[in-house]
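Labels run A, B and C following the written order; every chain starts at residue 1.
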Amino acid sequence: MTHLRLEGLTRRFPGAAHPAVDGVSLQLPKGALLALLGPSGCGKTTTLRMIAGLEVPDGGRVLVAGQDVTALPPHRRNMGVVFQSYALFPHMTAAANVAFGLEMRGIGRAERRARVDEALALVGLSDLALRKPRQLSGGQQQRVALARALAIRPDLLLLDEPLSALDAKLREGVRDEIRALQQRVGATTVFVTHDQTEALAMADLVAVMNEGRVEQLGAPEEVFERPATRFVATFVGRAARLPGKVEGPGVVRCGEVALRFSPSPVHGGGPGWGDAAGTTVELFIRPHHIRPLVEGQPADNVLDAQVLRRTFTGDVVALECATPAGTLLAELHGGTRGASAAVGSRLRLGFAAQDVRVFPA
Amino acid sequence: MRRSAILAAFTALGIAAAAPALAQGGQMTLQAYAGIFRDNYTEVVVNPFTARSGTQVQYFDGGTSAQMLGRLRAQKADPQTDVVIMDVTTAAVACAEGLVERIDASTLPVIGQLGEMAREAGGACGPAVTYDHLVMVYDTRAVQPAPTRWAAMWDPAQRGRVAVSAPPNIQGLALTAILAKAASGDWRNINAAMPRLRELAPNVQTFTPNPDGYTLILNDQVRFATGWNARAQLYSDQSQGRIGVVLPEEGTAFQINTINVVANAKNRAQALAFVAHALSAEAQKAFTERMFYGPTNPNAQVSQAALNRTALAPQFRERIVGVNWDEMVRLRESWNQRWRREVIAASGR
Amino acid sequence: MNAALLLLPAVLILAAGFLYPVALLGRISLNRTSDIGAMEPDLTLATFEKVVGDDFTWELAWNTATLAAGSALAATALALPVVLLIRAAPPRWRGLLSLMAIAPLLVSGTARIVGWLAILGDQGLINAALEGLGLATEPLRLINNLTGVRIGLTESLMPYACLVLIAGLGRLDPRLEEAAATLGATRTKTFLRVTLPLAAPALLAAFLLTFVLGVSAFITPRLMGGGRVFVIATEIFDLALETVDWPAAAALAMLLLGALAVALVLRTALTRSARA
């Protein structure tokens, strides 16, 4: 059941050449977590702020549970927002911060106290209820902000880059905590991030945004494995990018070799576009889709390669290889075949036609 | 010509003290009021002196008398001015503090020519050089017929249309003395003046006219103000009669400026010569005719027209309240307090 | 060593421009004044005794403190909405608006008072309007009295209050107000519960600065008070430049300086204990 619906949401800042948000439409089922993923300036935060009512759209609508809230001021929207800087009230204790929203709703003292305790317990901060924000660590502040947003039992939970202010070490743990918490309370959540790992790890749905538009909306796996546009393919995950020219249906010439790919509607230009010989295209091949082959082992695409650079990062060995089609990056798990190849050694690399993404250049 | 020849002979005999007027050439600095006083004094007193003696006179804008006194105090060890013209009350302080020279007719024979009041005004130090007197100034466009009495300022129709300088400003002290004299016959009797001043209070727009009462009239802020005759006469002329000047029937009081040689002046000879010139009948006549300050040298043959615009005209003589400023200074503090508590506080604005 | 050397010019300027005159003033305050007003060299506290023992001095102190406190309070209160508006304006307008708020500092005090005269005078803009609209037969007395001084002083202190508040509120994260709004607070509630408490240190700083400036204000009480407003600064002026009683003027000035110094020390101690 759709809980949040955005219809053609648009925001144009005065004096700016392009709209910050340009006709964003999407739907989010109740209880789901949507990640708005994109580079800085892509309009993801502005979109979040329009959902919260902190920014007035120039066009489009925001509907929550079927109700059009576009014209409502933020204080009448019942949305819990966690800001990037947390925006905790520095002159109030953690408990008072959490109680603030309840107080504004005219909830009586006794119930207020119970709900504050509950919210703080939820984030594991019951002991620190009487601390001021500046007496709390970054992670603790973040959890107070979360408790404050959840205490009002919001129709929507909105998180603006909630992890960006944390240490890299903390981030993964907090990420999983937030996800667990969100699932436990069943809050329909919109989450803004520029970090694809965060988006992919936490979200039920990922909306990849660029220049104010949604490039692709889908489940994390879908977005990762089947990027709909060249931008998504570039932004989400890593890939070797090879320039080429279509030779015929499912065949592209890259440098000296012909490579095979499976045309599909998600490949940018629509059905059948890749059949036109002579079209200039760009091929995307993800490092983990490339495998070293033993002598005589078949694959849709096979390339002779010479190792240019080898980077050992623990679990994974990254090999940068020169091939007749161009430079490819292969990622192999330690201990697997080929992982021990030295710089200068020769390999045969193979990959499937279905793993090759082709986009018009 | 002949006189200077005689003086030259005295000098030649070595009687320097008796021959200050002869000091030839050199330079000196005069410290006195700025503005129109400076313009007119320079033209009719300073320039003729320079022409005759060859002495260059620097005219230093002294500001108010109090500022001049301050400068004398600050420069006591190393005076930068040689002659100072300032109000008699301030000059008395300078005299008492030894900031100006003690002087009498034996040093400067011209002092012998002056009237008694002029000689006494300066005490042991320099004598009076100008007489001025308190006048009522009014807006001739707004007030008709021409008023003749201070009482015109009491008219209830003039509510908020009067500017009076309150004590410690000497205009306020003079007005108080005049009202006291009119009411009781004794200018010192402040109790007699207070009821009248309290009645005036509601009509008063300001007790500190800024920059002065004449300007407030010209700017349509008030219709009546207290003022000093000399400046009032000039403003009257300059405003083509817009400002009317009255020497009221109830009386007036003198404001006296004295002229002094600064103690340890660097150019003492030139300074004495200048003082002698300033007190001479000729300079006194010229300045009276130019700016209507009363002459302190009775030998000055002032034109009747000019004289009529000073308090020294025969028809005004009996209106002059003989305020002794030496005494006034001692009364000042208590008068000041009574004004604040009884007049200004009652002005109800 | 190097740091001390760098401070030297500032120390010299302070010594020449402040300490030396104050020392001179202190010395003058120990002199005596004769009955005709002549200053007699002495080393006596008699002038201080006279000044402190005079009821009028305490009346002046009360007038000065209440006038300064009232005007500082009004200036700070009026500056707050101005600064909040500047803060809410689009960033590219903020510089210009801030400049406009403090622009009155560029106008001389006297020129400003001439302007006020045209507005507040008995025949000024306001009274002409009231009369024209038939709302008043007698002019409202808005100048040459305490009301006029309050208006003028408030206006002259406002740029300083704005300056302090612009600096102080500039550090206030606008996200805090947004957070309050998302939690259900109306604009009024947000202002009362979040903006105001967080602006309190800046408001206090603005009040204290304008209060100190108000206490030492001379031009406005002198030129807009019509001789009806007696504060310490005007009294010092009268003593120094009308009755030429320098020892009394100096003693009063020293007492005022002492009171301000005590206030400053108290304030510093207060903020320090508040921080601890």
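Here, contacts are C-beta pairs under 8 Å (C-beta built on N, C-alpha and C of every residue); 3 or more make two chains touch, one makes a residue touch a chain.
The shown structure was predicted, so the numbers you read here are calculated from the model rather than taken from an experiment.
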item: Category of the chain touch graph - line, ring, star, complete, other; value: line
item: Most remote chain, CA-based centroid, reference being subunit A; value: B
item: Chain closest to the middle [Cα centroid of all protein chains]; value: C
item: For subunit B paired with subunit C, centre-to-centre distance based on mean C-alpha positions, whole Å; value: 37
item: Length of the line joining the C-alpha centres of subunit A and subunit B, rounded to whole Å; value: 90
item: Separation of subunit A from subunit C, taking each centre as the mean of its C-alpha atoms, in whole Å; value: 56
item: Per-residue overlap in subunit C, given as positions that touch at least 2 other chains; value: none
item: Contact set on subunit C toward subunit B in their complex; value: 34-40, 56, 117, 121-123, 139, 141, 144-145, 222-223, 225-228, 230, 238, 240-244, 246
item: Contacting residues of subunit C [partner subunit A, same complex]; value: 90, 92, 173, 175-176, 178-186, 189-190, 193-194, 197-198
item: Residues on subunit B engaged by subunit C in the complex (per definition of touch); value: 64, 66-67, 69-70, 73, 89-90, 92-93, 96-97, 160, 166, 168-169, 204-208, 210, 220-221, 326, 329-330, 332-333, 336-337, 340, 344, 347, 349
item: Residues of subunit A that touch subunit C when the two form their complex; value: 14-15, 52-54, 73-81, 83, 85, 87-91, 100-101, 104-105, 148-149, 152, 158
